[in-house]
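Each of the next two complexes has subunit A plus one more chain, namely subunit B in the first and subunit C in the second.
Then we have the complex of A and B:
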């Protein structure tokens, strides 16, 4: 029994950052729950963690949550996949070919910096509700981080390595495949972290505008019927997924490129 | 006998955008015999490395020409390979796969690549480090990989651009002796660029002193020291005599 506190403090010592972060989150929800002991509670406009948990359990048990998530996952991953396949090569060529880079840079910057979600209604008119429209919205938001990061990665490449390949008889194709692509991979992963967040926005906005299923649709539907607890259950689920994806990518970054961190 | 490498009146200027051109080489002439170990010493920025890059085929001279075996150099070729000062190892490749790079670019079959890499890993003394990544190696070991990679495509000419300048003094001394041992076994024509007169004398059959920029060949010294060379040779009167002679030719070119 006497060793119990030291085991606990040892655990806290080793995971201090995680413990601090977790404690803050727990405190936030506790405060949220507690504030309605003094503030009058009206379930039409506001909710509290206990009700959200009940709503979440309800959605999980009925299977609605998983159905909506599965529907939203399709345009999310299709759009992201398209963004990588198109964005990375475009960015790499922009980085390698100086004139192409200068020509496309202003255009790309305009699209990247502007709130493309404003175009969502137009995209829905063009491509319809449902999968194509949502995929296009996700793609158009997610592609630019890949373009810019791939471009920056190529520009930052160690030119000595390019010379090594050329001096050993490598052609331009070899420079792309053997030097540029491996050099930009860390940049692409970093871009993916940004793109994932934008892709989530894309899915939600797409489903807000016009959809009959999906997690974004569920959020608006629950809001329309004043089911604030279930609306928050959906929002929190999306948040957790966003964190899981971003942290997963962060972890992949550290394990996949030991030469960048192991020095 | 005609020289193996012949540089005739090589002129080259760099033209950075919006700035005045810099003349790097000005009527550079040199002749290297087959199997010879020739060092080029000169002040910083005199165009030593530029000349190596011309021989390598990465830079084209404005006028003049460089011939190897009577053929004009038009670009990189498998008869030449470079060992770079900053190693130039691909950080995402293991020692073995770094060494195989040139063979891969020549589309050599995988079994042949493996066999050549294995032999060279033994030659440069890296047995047991095949699967290590560059960031796990010391500077001296990195340059052993750089040397093995250059030897892998079996070039006739080995170009070495201050290969030991990034190493500490003791490692550099060891690597010089290692290089002589490897050179004895591999028998290549070597063009070696360095700042260090000691290093140049210890390694070379001949030492060429370059002028300050725009660089041209100032004076060549034959190093009539017997081979194989031992470390003790560096403290003999003959060695120091040569060192003084070369220093006297070099010092006027150095601006402080």
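Then we have the complex of A and C:
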């Protein structure tokens, strides 16, 4: 019969990695809080977890945090949505039509390799500091992972399947809808994981540059007024959101397409 | 990271048919690729002649010929070298620091399960978060200038290196490690003889990804907090509606990024070429 301690050790044994990771994170914050007992504390440049928590609570209670997050979420999702709607069909056609692939591949590679963030000042001039500018920055950063992954997904499709559909009288439309789309889905989701990171960069760049609200603007504003605790609260919020998005997509990949994680 | 790598491999693998067809395909692909780029540039160049453009838009509209003229002028007068040098220094120092920190940490995490479990939350968190979010903080700590730039480059480049090294070390053949151990090798020998050669291709992929991140880091850092550098030149040009210079800067950044990743890709092919052959010899 399992006694109390052995249940605990069994739990630790089973979730060893999670326990170690959690302990390390807890230790990190504890050390951060404790170090100012030894080191002089200068609230202009550094803060401690207790103050961050207070700042976070303050931001949540005043509703500022949710307001900024909501403002940033709109261009983020609009841009990402546009990237899927445009990127996936373009990528699929590039994969299916060999010559179109040849023609567009170098162009897309150049765009993907170039730091498109560098166009942000221009886009801001063109489209203004509000929603359109930010959405277009997000879109231009997030579209390429979808293009390349949809293209790679189509190229990896078993040609036999395509031939079967055609032999049975399927048209090009059937090939796209019945074979290509389902088989590129895992690739698109893998692309989404990369695209989400780039889309976050897009939102932040747009808001660092020129904005009057949004989470990126909040971070720069708190930095400008040396409100380090609230700045850290915002940074940690962005980190948590980024982790939730990437790990959420990773989880979706694992549950929906377990065969792609055979290791 | 690993997914990116496999996707790249699949992208590169065009259907291998007869050698004659292959070379014709290659010519066709180069011809079509060039044609598309030329066509795009032509349309862009000729667009103002066919489309009515408002005077307001004309202020920040440009055509490729003017961009290339600006680019030529920047190089011929030599006005480009000073800012480019500043950017290149931040890039090189940040990347070097990232390699110096990322490789040993990656090997450590790959070898020690406990360390990996403890540091994994931090690596995941920092890797998922756009490093840009730390820029205001870094500017507060390090001031506007070289060091906050280097820090951003470092933060961007270190994680692909660390993660890929870790992946390479973890994928090292356990049998080989056991063999070397059985002959009395120390942990250092194991690292030198088995792990390093095995993870080299992964590390090189990590370097390639890191270069892209590092360039991105230089650009954003110079956009928001720097006094000189190519990014600063671009932002100043944008705010005075000098669109040509913005595009010229973008072309320089993109060109450097393509050249460097291309060189690393060559190295990648070189370092992984012997792999299948050695497997066949075994």
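Just so we're on the same page, the second predicted complex is superposed on the first by the 255 of 263 C-alpha atoms of A that agree within 3 Å, B and C clash if a C-alpha of one lies under 4 Å from a C-alpha of the other, contacts with A are read in each partner's own complex, and residues count from 1 in each chain.
In the analysis below, a residue touches a chain if its C-beta (ideal position, glycine included) is under 8 Å from a C-beta of that chain, and two chains touch if they have at least 3 such contacts.
Here the structure is a predicted model, which is why all the values come from computation and not from measurement.
Using the contact criterion defined above for the overlaid structures, shared-chain residue A:45 touches subunit C, although it does not reach subunit B.
Once the two complexes are laid over each other on the shared chain, residue contacts for A:161 go to subunit B alone; subunit C is not touched. In the superposition on chain A, no contact is made by A:175 with either subunit B or subunit C.
Shared-chain residue A:205: touches subunit C; no touch with subunit B.
In the superposition on chain A, A:136 makes contact with neither subunit B nor subunit C. By the touch criterion defined above, A:103 reaches subunit C but does not reach subunit B. In the superposed three-chain model, the partner touching more residues of subunit A is C, compared with the other of subunit B and subunit C. Touched by subunit B in one complex and by subunit C in the other is not one residue of subunit A.
For subunit C in complex with subunit A, the touching residues are 3-4, 7, 10-11, 13, 28-29, 32-37, 40, 60, 114, 117-122, 124-125, 128-130, 132-137, 139-141, 212, 215-216, 219-220, 223-224, 231, 234-235, 238-239, 241, 243, 246, 249-251, 253-254, 257-258, 261. Residues of subunit A touching subunit C in their complex: 16-17, 20-25, 28, 45, 99, 102-107, 109-110, 113-115, 117-122, 125-126, 148-149, 151-152, 155-156, 187, 190, 193-194, 197, 200-201, 204-205, 208-209, 216, 219-220, 222-223, 226, 228, 231-232, 235, 238-239, 242-243, 245-247. Those residues of subunit B that touch subunit A in the shared complex are 56-58, 76-78, 80-82, 84, 86, 88, 90-92, 101-102, 104-106, 133-136, 153. Contacts from subunit A toward subunit B in the complex involve residues 158, 160-161, 163-170, 174, 178-179, 182, 257-260, 262-263.
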